[in-house]
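Each of the two complexes below includes chain A, the first together with chain B, the second together with chain C.
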Partner chain A sequence: MNKKADVLVIGGGVIGTSIAYYLAKQKKKVILVERYDHAAGASGSCDQMIIMQSKNPGVHLQYALASAEMYKTLSQELDYDIGYHKEGGMILIETSEEMEVMEDFVARQKEIGLQVEILTRKEAAKHQRGLAEHLVGATYSPQDAHIDPMKLNLGFAYAAKKLGVEILLNTEVTGIIQQGNKVTGVETNQGTILAPLVINAAGAWAPLIGQMVGLELPIKPRRGQIAVSEPVAPYVKGDVLSARYIVAKYNPDILEKSDDRAVQLGVGLALSQTEKGNILIGATREFVGYDLGNTREGIKEVLKNATRLVPGLKKMNFIRVMSGVRPYTPDGLPLVGFVKGLEGFFMAAGHEGDGLALAPVTGKMVADIIEEGKTFMDVSAIDPNRFNL
Partner chain B sequence: MKKTQTAIIGAGPAGLAAAIEVAKAGGKVTLIDENGRPGGQLFKQIHKFFGSREHRAGTRGFNIGQQLLKETEDLGVEVLLDSPVYGLFPDNIISYLHQGKEQGLQAEKIIIATGATENPLAFPGITLPGVMGAGAAQTMINVNRVLPGKKILMIGSGNVGLIVSYQLMQAGAEVVALIEGAPQIGGYGVHAAKIRRAGVPIYVSHTVKKVIGSNEVEGAEIVALDNKWQMIPGTEQVLDVDTVCIAVGLTPLTELAWMMGCEFTFVPTLGGHVPKHNRDMQTTLSDVYIAGDISGVEEASTAMEEGRLAGIACSESLGLYSPEKAAELKRDVWNRMDTLRTGSFGEKRRDAKESLIKQSIGGLA
Partner chain C sequence: MSCSDDKIYICRCEEVTREDIEKAIADGATTLAGIKKRTHAGMGLCQGRTCSKLITRILAEHGIKPADVYPQTSRPPVRTAKIGDFVEEDDV
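== the complex of A and B ==
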């Protein structure tokens, strides 16, 4: 196989297919290569949240809000039902210490334009049943939503194909072709593909692609273990997180002191219910390399944490577990943009747990940058060159 | 967490035989099963087994089950019942439920002997009460002594379909017809002859088009198939039945081995995806062995031999047997197994098994 394209995208997950779709809309000849299949990585082993409230007030939240706008009409645009439901979401607060952090978080989120408020426990209980007595309150935003991640992934892929994108599954990149400081294509296990622009959208595996061109990407795989309940009548309304999740995400030092095993495993509540009725109960956040397995301890701590915060879950059976690695970055923001000193190499990875929330806006921004050299948002915060690559 | 030397998952013929071998070698064994009593499918097998004397030919399945149970009891095997294993995790950690509580068990070696599950078949009306797996019907009549219905349509002419048809008749039901999609009968001629003599029509190259009924099975429409397995319009006939049994093969029950990370291979003759294993029944994970239908769907007699093999090999790896002693014991088992895998059915399976072992061995031989 010898092929040519304007742009070659590495990675067939939600980020890669979104980029391929928006690039194809710009009439680019795009080839996308994927080592296994769509939704084979994090896109097929995650929860389903497009949650605004968990985003740091700043550009992070601004990107998420821009994405949220796009989601409203995305099913129509892709002509594919991605299972979008906007039912709001809440973050459960357990201690006055957490309340302080969240009050500040919420105030700053409001400034950026997120509709969000703090509820008392009593008010929270009106939104979500089964909550624990010890909670001191919750935040609530009507803007949180969820989608079916696999449908989102396929929706982008099918729409991209319709626009002429060639998607090559079971095609693993084995090397990057370079001429001096210029990338000119990739070698795969299926043959050579030449392209003057190569986009690394390999998610948690992006560093392995980076190594092929001598880049030390600061992306690390971070495992999330999720338990899945039997299908039950509607129970979890919208998305439910715990403040500890937010604290774990942005203030890891607060947690480092803890000798609680759950805390060490990065366990934070992430609850949502699928259309079929299964409740997704997450999750751990662990650094264990590319180990995609589940552990008894991890699942136990996830379930213990969930039933501690929402005791109503105790009466349900869980039937399945899954785990996936998310692409962690040190500052919680992805790497999106051209890499300096390596012409034709573009980064679009490192979204950690925000891949779903940021997929549409990432695709749009990448296509804009490639086509016009600029986009509708300030992307300096996600410039890959902020790290010493 | 509770610890044991060898944990065996599944107390059917393979698991029981494995437990006996490890215990005989002096090992500490914990046998776990989801059912309220051990024995797997043996206790519903009221027919006599084939094979030679060493295979207890002529003995009925449930009698073999009783003998195995007595042996495990005499040898002091720990048996955990009502304990479904739902997960295997790194470091040989077994997660199971008991009395509504999650329990953990860590073992040095694990033998997975989870058996097989009945294949479904999709047709309109499949969700009506009265449509069931042939294995379920067999459990009802032979274990619970309940007749599932009076007028039966059996789908599938493998040994399960043939034997269960005969047993349903013995239990007092009428088998209205037995249908088979293939152009010939799947199981042993001797079993087929038995039900034919009893007047049961066997329709080959036929399938079920739909099952009729509003709240339960009231009839079934069958139809002939051409040589490309397509329904031939105009050949439909409606049978007056109240029960439809499905006996269209078994699939190895392999989830736990997948979860543990065993490598698999696809062997249609053996029922689908099976864990790769060597002549010691050892998988690609050195601490994990398999035995019985999980390693390829066969019969209770071969399952027991495979259980013995896994038990002996496992004991050897624990240092309970010298390599010489183990080799001698394993040779005996293989000799018996080779005699079982004869005849046109057995040879097909033997060939499939041999090629499976060959491609699995790699560095393990």
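== the complex of A and C ==
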């Protein structure tokens, strides 16, 4: 197989397929290669949240809000039902220390334009049943939503294909072709593909692609373990997180110093219910390399945490656990943009747990930057060159 | 294959028909995981214990040798388990 394209995208997850779709709308000839299959990495082993409240107030939240706007009409645009539901979300607060952190977080999020407020436990109980008595309150935002990640991934892929994108599954990149400091294509286990522009959208595996061109990407795989309940009648409304999740997400150093196993495992509540009625109960945040396994300890701590906050879950059965690695970066923001000194190499990875929330806006921004050299948002904060590559 | 064969349930838990499986294969799925993610076959209460053999056979009809079909990733619990029992077992 010898093929040519204007742009070659590496990675068939939600980020890669979103980019392929928005590039194809700009009339680019795009080939997407994927080592295994769509939704084979984080896109198929995650929860389903499009949650604004977990985002750092700043550009992070601004990107998420731009994405949230796009999500409202994405099913229609892709002509594929991605299972979008906007039912709001809350972050459960257990202690007065957490309340202090969240009051500050919420105040700064409001300045960015997020509709969010702090509720007392009694008010929170009107939104969500089964809450523990010891909670001191919760934040609430009507802007949180969820989608079916596998449908999102496939929806982008199908829409991209309709626009002429060639998607090659079971096609693994084995090398990047370079002429001097210029990238001109890739070698795969299925043959050579020439393209003057190569986009690394390989998620948690992006560093392995980076190594092929001598880049030390600061992306690390971080494992999340999730338990899945049997289908039950509507129980969890919207997305439910815990304030500890926010701490786990943005302060990994604090966690390393703790001797509580749940804290060391980065356990924070992430609760939502699928269209079919399964409750997704997450999650850990662990640095264990590319180990995709589940551990008894990890799942136990996840379920202990969840039942402490929402004791009603104890009566339910779980049928499955799952596990996947997310692409962690040191500052919690992805790497999106051209890499300096390596012409024709573009980064679009490192979204960690925000891949779903940021997929549409990432695809749009990447297509804009490639087509016009600029986009509708300030992308300096996600410029890959902020790190010493 | 007659029309009625098409509507046979392969995965009873998630009510996935042979036709759905065939569509997933036409879409590029070559593994049990690929079919599961496109159709939900194997995601239900029994976790693929019945349908994975049937799906392997359908894949074989499309030229993929059964020996080359990876089993689903084996993950706990082996049987549906009550969350409360699991988290409290240490305390017993």
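FYI, the second predicted complex is superposed on the first by the 385 of 389 C-alpha atoms of A that agree within 3 Å, B and C clash if a C-alpha of one lies under 4 Å from a C-alpha of the other, contacts with A are read in each partner's own complex, and residues count from 1 in each chain.
We adopt the following convention: contacts are C-beta pairs under 8 Å (C-beta built on N, C-alpha and C of every residue); 3 or more make two chains touch, one makes a residue touch a chain.
The structure presented is a predicted model; accordingly, all values stated were derived computationally and were not measured.
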Original post:
Is A:T307 contacted by the first partner chain B, the second partner chain C, both or neither?
Top reply: second
Original post:
Which partner does A:V321 reach: the first (chain B), the second (chain C), both, or neither?
Top reply: both
**OP:** Once the structures are superposed on A, label A:D37 by its partner contacts, choosing first (chain B), second (chain C), both or neither.
**Re:** second
Original post:
Between chain B (first) and chain C (second), which does A:S229 come into contact with in this model arrangement: first, second, both, or neither?
Top reply: second
**OP:** Identify the partner contact of A:N170: answer first if only chain B is touched, second if only chain C is, both if each is, neither if none is.
**Re:** second
Original post:
Is chain A touched at more residues by chain B or by chain C?
Top reply: C
**OP:** State whether A:R296 touches chain B only (first), chain C only (second), both chains, or neither.
**Re:** both
**OP:** Using the touch definition from the top, say if A:I93 reaches chain B (first), chain C (second), both or neither.
**Re:** neither
Subject >> Common interface positions of chain A, toward chain B and toward chain C >> reply: 294, 296, 299-300, 321
Subject >> Sites on chain A touched by chain B in the complex >> reply: 293-296, 299-300, 321
Subject >> Residues of chain C touching chain A in the complex >> reply: 14, 27-31, 33-34, 37-38, 40, 43-45, 47, 73, 75-77, 80-84, 86-88
Original post:
Can you list the chain A residues touching chain C in their complex?
Top reply: 36-40, 44, 150, 154, 167, 169-170, 227, 229-230, 276, 292, 294, 296, 299-300, 303-304, 306-307, 313-323
Subject >> For the chain B and chain A complex, residues of the former touching the latter >> reply: 87, 89-90, 93, 95, 102, 104, 259, 261
